[in-house]
Amino acid sequence: MALKVDYFVKETGRNLFRNPWLTIATVVTVFVAILLVGVSLLVRSGVQNATARWQGGIEFIVFMNPEATPDQIDSVARDLSENPQVETAEFKDKDQSYAEFLELFADTPEFTANITPDVLPTSFNVKPSRVDPELIEGLVLQFAEKPGVREVVAASQAIREIKSLSDGLSTGILAAALLLTLAAVVLIGNTIQTAIFARRREIEVMKLVGATNWFIRVPFMLEGILQGVVGAIAGIGGVYVVNGIVERRVQQADALSLLSSFVIKSEDVFTISIFLLGGGVLMAAIASAIAVTFYVKV
Amino acid sequence: MALKVDYFVKETGRNLFRNPWLTIATVVTVFVAILLVGVSLLVRSGVQNATARWQGGIEFIVFMNPEATPDQIDSVARDLSENPQVETAEFKDKDQSYAEFLELFADTPEFTANITPDVLPTSFNVKPSRVDPELIEGLVLQFAEKPGVREVVAASQAIREIKSLSDGLSTGILAAALLLTLAAVVLIGNTIQTAIFARRREIEVMKLVGATNWFIRVPFMLEGILQGVVGAIAGIGGVYVVNGIVERRVQQADALSLLSSFVIKSEDVFTISIFLLGGGVLMAAIASAIAVTFYVKV
Amino acid sequence: MIKLDKVTKVYKGEVVALRDAEVDIQKGEFVFLVGASGSGKSTMLRLMNKEESPEKGRIWVAGKDIAELSSWKVPYLRRNIGTVFQDFKLLPNKTVQENVAFALEVIGRPRHVIKSQVPAILELVGLAKKLERYPHELSGGEQQRVSIARAFVNRPLILLADEPTGNLDPDTSLGIMKLLDRINRTGTTVVMASHDRGIVDTMRRRVIELDRGVIVRDQARGVYE
Amino acid sequence: MIKLDKVTKVYKGEVVALRDAEVDIQKGEFVFLVGASGSGKSTMLRLMNKEESPEKGRIWVAGKDIAELSSWKVPYLRRNIGTVFQDFKLLPNKTVQENVAFALEVIGRPRHVIKSQVPAILELVGLAKKLERYPHELSGGEQQRVSIARAFVNRPLILLADEPTGNLDPDTSLGIMKLLDRINRTGTTVVMASHDRGIVDTMRRRVIELDRGVIVRDQARGVYE
């Protein structure tokens, strides 16, 4: 077996360098696919961060006084759950509020330094039964009166529109990412089939000399996977570059709260990269396995 | 020459069908590239329509009374142009306002039916020297007082944010479209080089039998162009499908003014299609010409 | 060792390349296949290593009915059969040395065996100085000799040689024939298609003559015609 | 017609395939190139149609110094030279008929000429029934005959034939040699590499013998050795 590993490594390396155009074609294909998928995911995560507070169809938030008694909170909770015009109401205790607060203001530590969970209000995120300005206004007025309630904040028309827009955008980007992944699989598969096609006579000869199918297949598969890895790494590099450009633009923008909350956390970028690398390699492996099985028959 | 045309047609057709995988690979590549470029352009045009009113960095609009006298209009115009805090001020007469009005409310004819240019106000689209809420507020108050002015409307914070976001989005999408076009050229070029690579021995033989370079090149170029055309047509079909889906989603959305103004006019789709077809074919032709020249040397 | 029982091979449903062929070749025999161009010599050899399958009849090689061999076993059959192809079938991306080594690599021979056997066999066919060349850098006759070396190198039970001297001058041909004879004397069964009258007449071995796919002569110590 | 003046061909800077070759072939001559495998026969033929370029010396074909030919003119040189390649060099994606027709298509012959000449020449080499076959569906000798037909079909001034009977049985070879002879008698200059002693000895034409790249014999009505 030691010999075989030797042989496979030698053979794969040789194939890669003997047909530089095919190699470049595959790597470029994978690079483009990975880059596009990566950028789609980045944008998606940025948009989600920017509208995090308004995800899940929340239409208004009932903030309690930080000093509200448990009784007052229970009473509001009961009223909300019994009101037929309210679809869902989700309670956020001090710790949850604090966590959310920290997350929202992660880039301005001077803001978060002096805040402890104690001073934060608890709140209810409320989704009414219908998106109807009048109904929402009625509810806002009604709950603002309750004892222990500090303030009721309704998503303004503008925020609702942005949320709706960004929901559409997210869906669109997800669809695009899926389409691109599919395209990448097709392109990688095709590239490998093309490579095999270009060497079909060689494969023919190998079989006639007594090579088993796997002996012929393995170098092609390794080649595909290696190209996938190189393309994926280049694509991830591209994702980092795009992310850098976006970050610079966001920082340059006037301190408009919405655009500047379009941040992509570096751990998100890392997760996306790992996902892309794994996905790219898996894609390349599957595509080459299919191509190779399809073509290299006795 | 009659014979040559014969020969080229025969040869091209044969190549296309003799190497189905290569053909499919190229067509898929072109299809994906064209589809993505097309969708990018569509989104761009939709976003532009949705924020048309606030393009060009206008920060507030001075609406005159429909009955304002020319003198009053001139006076306001002079004040605007002399004010150091105003960068630009663009006058819209009744006809221009009417045209813009018709465009903005194109989908609600019940709204536009009873309006004539006469009843519409003239207006100034003003861009202040800095984007500074206080400065803008001052200007708004100052001009609201002038004789003949009916109302001064400043872009609200939310609109400004949306505009800024959509500017970023437009730039991003344009960059993505450029990247994709580049990728498509690379992929097409590579695919044709691969095709030539797979048939390099045949080309060798053709030359030894006395074929001129052009005799060998033309079928490859025709092949590339034909694949470009098929891929582009499929891509354009894809663009129409995506457009249909978006339209359906927009119509289903709650009548939120912003999202529903995200319309893509069918003449835009048509223009984009023509552009894509021409671009795709040109791209394929250039890519094949380069690939073919590069490879088919004596 | 090789037995054909009423074997008929039809290409594309119309070209009868071989008709009811009956051949029985014993272990250690040396057999010439002769006949005009297109008479079916290569077809018969291709049937023996399962490169083609017959339309009718059965073929036994080394005691096994090769029609019943499952497809993953075919490589193992072929490893017992060395083949010199009429069109050489060298791997264009491998050097002379690697082409020959390939036949040993596929059967998993250890590296030191390959290192010693490959140059030895190439020395034997007179290519000791061209180990690092690629096939397109060789003359026609040299390519043919690489093909011969590859077929020999793993000491197969059976050697099928399709006009192995077609591109060689008389002197080199003689050398190759001596080599084939020596191989044959160590017990290897040799089946060789040839149209070289001189060689067939000198060797005086069993001759099977084909005429448009039909065996018209099977003679123990025959001549070309 | 063809003149080599002190021509030396070195492959890869080290393999001297031809050394100081001096050859002068008149219009209408019939010349055999003989020599051992690897002695430089194919190289000499490849130099004549500018498939290779010499390291030293000059080559005239049909009165022109071919080193001075600009690259776009090379195809026109080759149209005057029919070549039978040692490895046939048929186009795998074209049928027999199309392979032969290709040589006429590249020089822009009208369709009706192609329609009549192609089957005629294929009839002559005995392939009238195999017009629609692809190269891989032919026997070795049949492929060689397609290559011969393609080289003949446009009645070139010069015919270069590299072992054109290497894959043919004696009878078919004889037929081909008769054809070559007939072609030669119509004024075509023929240069043919061969290792077939029988043919060379029977024809009794000019023989040039090569030994490791050096011309060791140039005899008017020579024999193989």
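Letters A, B, C and D mark the chains in the order given here, with residues in each chain numbered from 1 onward.
Simple rule for what comes next: contacts are C-beta pairs under 8 Å (C-beta built on N, C-alpha and C of every residue); 3 or more make two chains touch, one makes a residue touch a chain.
Because the structure is predicted, anything quoted here is derived from the model rather than measured.
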Greatest separation from chain D - chain, by CA centre: A
Chain A and chain B, separation of their C-alpha mean positions in angstrom: 26
Centre distance in Å when chain B and chain D are each reduced to the mean of their C-alpha atoms: 60
Separation of mean Cα positions, chain D and chain A [Å, integer]: 66
Residues within chain D bordering two or more other chains: none
Junction residues of chain A - those touching two or more other chains: none
Contact graph of the chains (line, ring, star, complete, other): ring
Each pair of chains that touches, named by its two labels: A-B, A-C, B-D, C-D
Residue ranges of chain A in contact with chain C within the complex: 1, 3-4, 6-7, 14-15, 18, 202, 204-213, 215, 298
Residues of chain B that touch chain A when the two form their complex: 19, 21-22, 24-25, 28-29, 32, 35-36, 39, 43, 131, 156-162, 164-165, 168, 172, 176, 179-180, 183, 186-187, 190-191, 193-194, 197-198, 246, 249-250, 253-254, 256-259, 262
Interfacial residue positions of chain C with respect to chain A in the complex: 49, 51, 71-72, 74-76, 78-79, 83, 85, 89-93, 102-103, 105-111, 150
Parts of chain C lying in touch with chain D, wherever the complex brings them together: 11-12, 34-38, 41-43, 86-87, 137-142, 145, 162-163, 166-172, 195, 197-198, 224
